Amino acid sequence: MTDEEPDQARHTADEPASTDLTHTTEGGDVQMVDVGEKPESKRRAVATGKIRIQPSTVEAIRADEVGKGDVLSTARVGAIQAVKHTWETVPMCHQIPITNVETDVDLDDDAVTLTVTVETTGTTGCEMEALQGVTTGLTVVWDMVKAAEKDEDGQYPEARIEDVRVVEKRKVRVDRD
Amino acid sequence: MTDEEPDQARHTADEPASTDLTHTTEGGDVQMVDVGEKPESKRRAVATGKIRIQPSTVEAIRADEVGKGDVLSTARVGAIQAVKHTWETVPMCHQIPITNVETDVDLDDDAVTLTVTVETTGTTGCEMEALQGVTTGLTVVWDMVKAAEKDEDGQYPEARIEDVRVVEKRKVRVDRD
Amino acid sequence: MTDEEPDQARHTADEPASTDLTHTTEGGDVQMVDVGEKPESKRRAVATGKIRIQPSTVEAIRADEVGKGDVLSTARVGAIQAVKHTWETVPMCHQIPITNVETDVDLDDDAVTLTVTVETTGTTGCEMEALQGVTTGLTVVWDMVKAAEKDEDGQYPEARIEDVRVVEKRKVRVDRD
Amino acid sequence: MTDEEPDQARHTADEPASTDLTHTTEGGDVQMVDVGEKPESKRRAVATGKIRIQPSTVEAIRADEVGKGDVLSTARVGAIQAVKHTWETVPMCHQIPITNVETDVDLDDDAVTLTVTVETTGTTGCEMEALQGVTTGLTVVWDMVKAAEKDEDGQYPEARIEDVRVVEKRKVRVDRD
Amino acid sequence: MTDEEPDQARHTADEPASTDLTHTTEGGDVQMVDVGEKPESKRRAVATGKIRIQPSTVEAIRADEVGKGDVLSTARVGAIQAVKHTWETVPMCHQIPITNVETDVDLDDDAVTLTVTVETTGTTGCEMEALQGVTTGLTVVWDMVKAAEKDEDGQYPEARIEDVRVVEKRKVRVDRD
Amino acid sequence: MTDEEPDQARHTADEPASTDLTHTTEGGDVQMVDVGEKPESKRRAVATGKIRIQPSTVEAIRADEVGKGDVLSTARVGAIQAVKHTWETVPMCHQIPITNVETDVDLDDDAVTLTVTVETTGTTGCEMEALQGVTTGLTVVWDMVKAAEKDEDGQYPEARIEDVRVVEKRKVRVDRD
């Protein structure tokens, strides 16, 4: 069994939708979720996303990487820091002990794909952390290549961040089948 | 003329691509861009993006909004704070005086669209700030509705952040034609 | 018995007062308290306080709440974030795992009362966290209504924060009688 | 004329109260106030407040002060840092250049009074910064003396923060009469 | 045996040096180290360092200390805060529970020596935390005495931070002999 | 003339030393320095320092640099972030607009030397920022190579940070002769 919060699964048609918003009370007020009763276990989440940029910019990153790799390593640092800061940036998140962060970068012809894996021993899942790692890491790439992406009018006609998803979320060491 | 950095426009075919990566030195090292010589002026950037979620989740947000609106107002707060923190989250960004932040939320049948407008009187553009506002605000929405979006296996089959773009970047009060 | 630190109770007449300042060494230097030997247990603290404002401002908040509730929900977010940041704002505080934060708001004729409940599984109490939640949440209310509270001279003749207290501090699940 | 925002003065009976909440839009959404058009000038705000504690605790602070003064100097540092962090802790605040912070501490028989003066050259007032300095500095005092203030049940029967007010808010060098 | 990470000891001649850089992957990418499998235990690290300043400046600090001691107590606060913030300032560090911080200051004729002891119950060592405490605390001393150290040209001919070392790193309660 | 604060130069024999501690009041209390009256100008500070490590570790860094350079680029990012965060880490520092940060790394046989240049248009000097950049960047190097530097007992017999100095501090565009 992999679902860590079976009682919070997607609502079905005959349930009132409002009960699904666990960050708001029945009265509608914003709240954190009480995790004091939850058991600690090892949890893992993987998120991914991509930034679409011009092929020539991908080439510039690739060329740079042969030399010092600073564009991508700065993006990795930005992603790792964003993971650790999620409890600050996403207001209702708890601060959980992050035990591992992995960042994988793939260069396509016209895109950079960033995949961030986060592991925690805390009492809540860590998919928000993985998502923050992905979106921030991709924004760092954008920042590092922005001169190359701007058109003559100073705009970004092609750059965009897309397809940011949670590709896996589970308790580690629990069989998924 | 609206282009604030004409000398950093998109490279053309006969220019070496590497000159476009202004955040890396000729030797390939990561660096901040010197903005000490740049004139101060009023700048404005608008970014937008959306989170695709289930129609029933949009309904839950909408119902909540009639009551207290905490999902969306927490997302707004998260977006505004992310704008102000961009100098920390995006390593090569300067800290600039943010004079205004506007957040606009649109609810579609199966998506929430967030548009963030940032204005500054600083010496650099503020599109990274607007992008951080959008991606963080959308992640906050995700966090607030995650119980509703999870399937029985604890996964998020439908939720995704997409189409995050800079829709406008200019010096304010300069005609664009 | 509910007192978590019996050896640090209020001094009696025949004890030298100086031994009570656990954040200063015998030599008078500032220090953190060593919590490495303390057992982990579930602890809970409740603090409360109020901001006194004009009746017309309370009405404006109330009217707003019927619409979107952003004044109070922003105050709640500010309070929750302040709780989580106490280890930074109060220099000698340890960073403890916050497992739950509840915020309760009461509107009186001429005041807003905020009560913040904090729970932790850490090795120290969390009343400083609850106090920081209360004072920051009330300051956020002040910030949100400041235009309404200023007199024609730009001053705040009536607004004040008062009666900020710890109303309860205990280990959870321990009988208090 | 000392009022820096004459158009935001306290509403009168015939004005609708809702227009006074400048941090919410007409639609009721939370927002920052646009300060891009405001002139820069030198502004100053003074806030004050007190923590009521037992006479014996005041004596302990006083005794300590003769030695090393760490209780009060830690409170001063906490207050100054809180002033500088107000743009983070109060969500709708702008980050303004703080040019000066003064902290004054008075010891009464059963209370510590903290007065914080903040000066800025920014485009908005700095009374929220002064208030955050006062409430945080007083919380630091509480934290430093908490062992002395707890009763045998671990509670704080007498400690409380009270009378936190803005005592002055003005543009510097403007005559007040 | 005190070595907590025997498999990460200093490489010998016949091992490839590159395997020692645990913060870079085999492919050379920056990464955090996975600590999810490591047992929790009580760890302790002591770092020390000194700032060399003019004898007259040491005298000024000493004189001040007799009065209020603010120079050194501000340095202590800065050191303690730096210890707690190491997970932010050193990008690949994990956030670990700091259970104790001790700061010791020695005044020599022409130097201030700061020793910082950090204890944690986390899964990694805390020597980076101790080092950050030392270097930041010494920088705070520099900041507090900078007017006294500047020559007539505004330069610092004599001030320097030196000899910053980890003097001890071990699991607590393990015999070292 | 390059000295930006002639009235704060190193005291001479006939001046009382205590007047030099500008961060403490005459009464000995800690304080920020009022910079509201100071003119804005372009200022620049250069600090340098080195970490002494084993020759084999320098080789490992060098080998890595040929590949991806992540050790040094992470150190650069750490240094740049530390520069921008100095107003938080050094309690009495003002937050000033950092317009440029340059990081230079030299690899010697048994040491890494880091030089950080900071420029600002603010009203105070930026040598504390440069120092924080140097000490943090060097600590990041230490963190990245710690497995290689530990001996079989888990200690660091050779690693140390030393010779951290301000090598230049001036208003830019002012002749120094």
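Read from first to last, the chains carry the letters A, B, C, D, E and F; within each, the first residue is number 1.
In the analysis below, a residue touches a chain if its C-beta (ideal position, glycine included) is under 8 Å from a C-beta of that chain, and two chains touch if they have at least 3 such contacts.
Small disclaimer: the values here were computed from a predicted structure and weren't measured.
Each step here moves to a touching chain, and the least such steps from chain A to chain C number 1. Any chain that touches chain A and also touches chain D is listed here: B, C, E, F. The chain pair with the larger count of C-beta pairs in contact, out of C-E and A-F, is C-E. Separating the CA-averaged centres of chain B and chain C is a span of 33 Å.
One finds 15 Å separating the Cα centroids of chain C and chain D.
Residues of chain B in contact with two or more other chains: 28-30, 67-70, 73-74, 76-77, 81, 85, 91-92, 95. All chain pairs that touch, listed by label, are A-B, A-C, A-E, A-F, B-C, B-D, B-F, C-D, C-E, D-E, D-F, E-F.
Chain A makes touch with chain E in their complex at residues 42, 69, 72-73, 76-77, 80-81, 84-85, 95, 97-103, 105, 119, 121, 172.
Listing the residues of chain D that touch chain C in their complex gives 2-6, 8-11, 17-18, 20-24, 27-30, 49, 54, 56-57, 59-61, 63-64, 67-71, 73-74, 77-78, 81-82, 85, 89-93, 125, 127-128, 131-132, 135-136, 139-140, 142-156, 159-166, 168-170. Residues 28-36, 87-88, 91-92, 94-95, 122-123 of chain A are the ones that touch chain C when the two sit in their complex.
Residues of chain F touching chain A in their complex: 65, 67-70, 73-74, 76-77.
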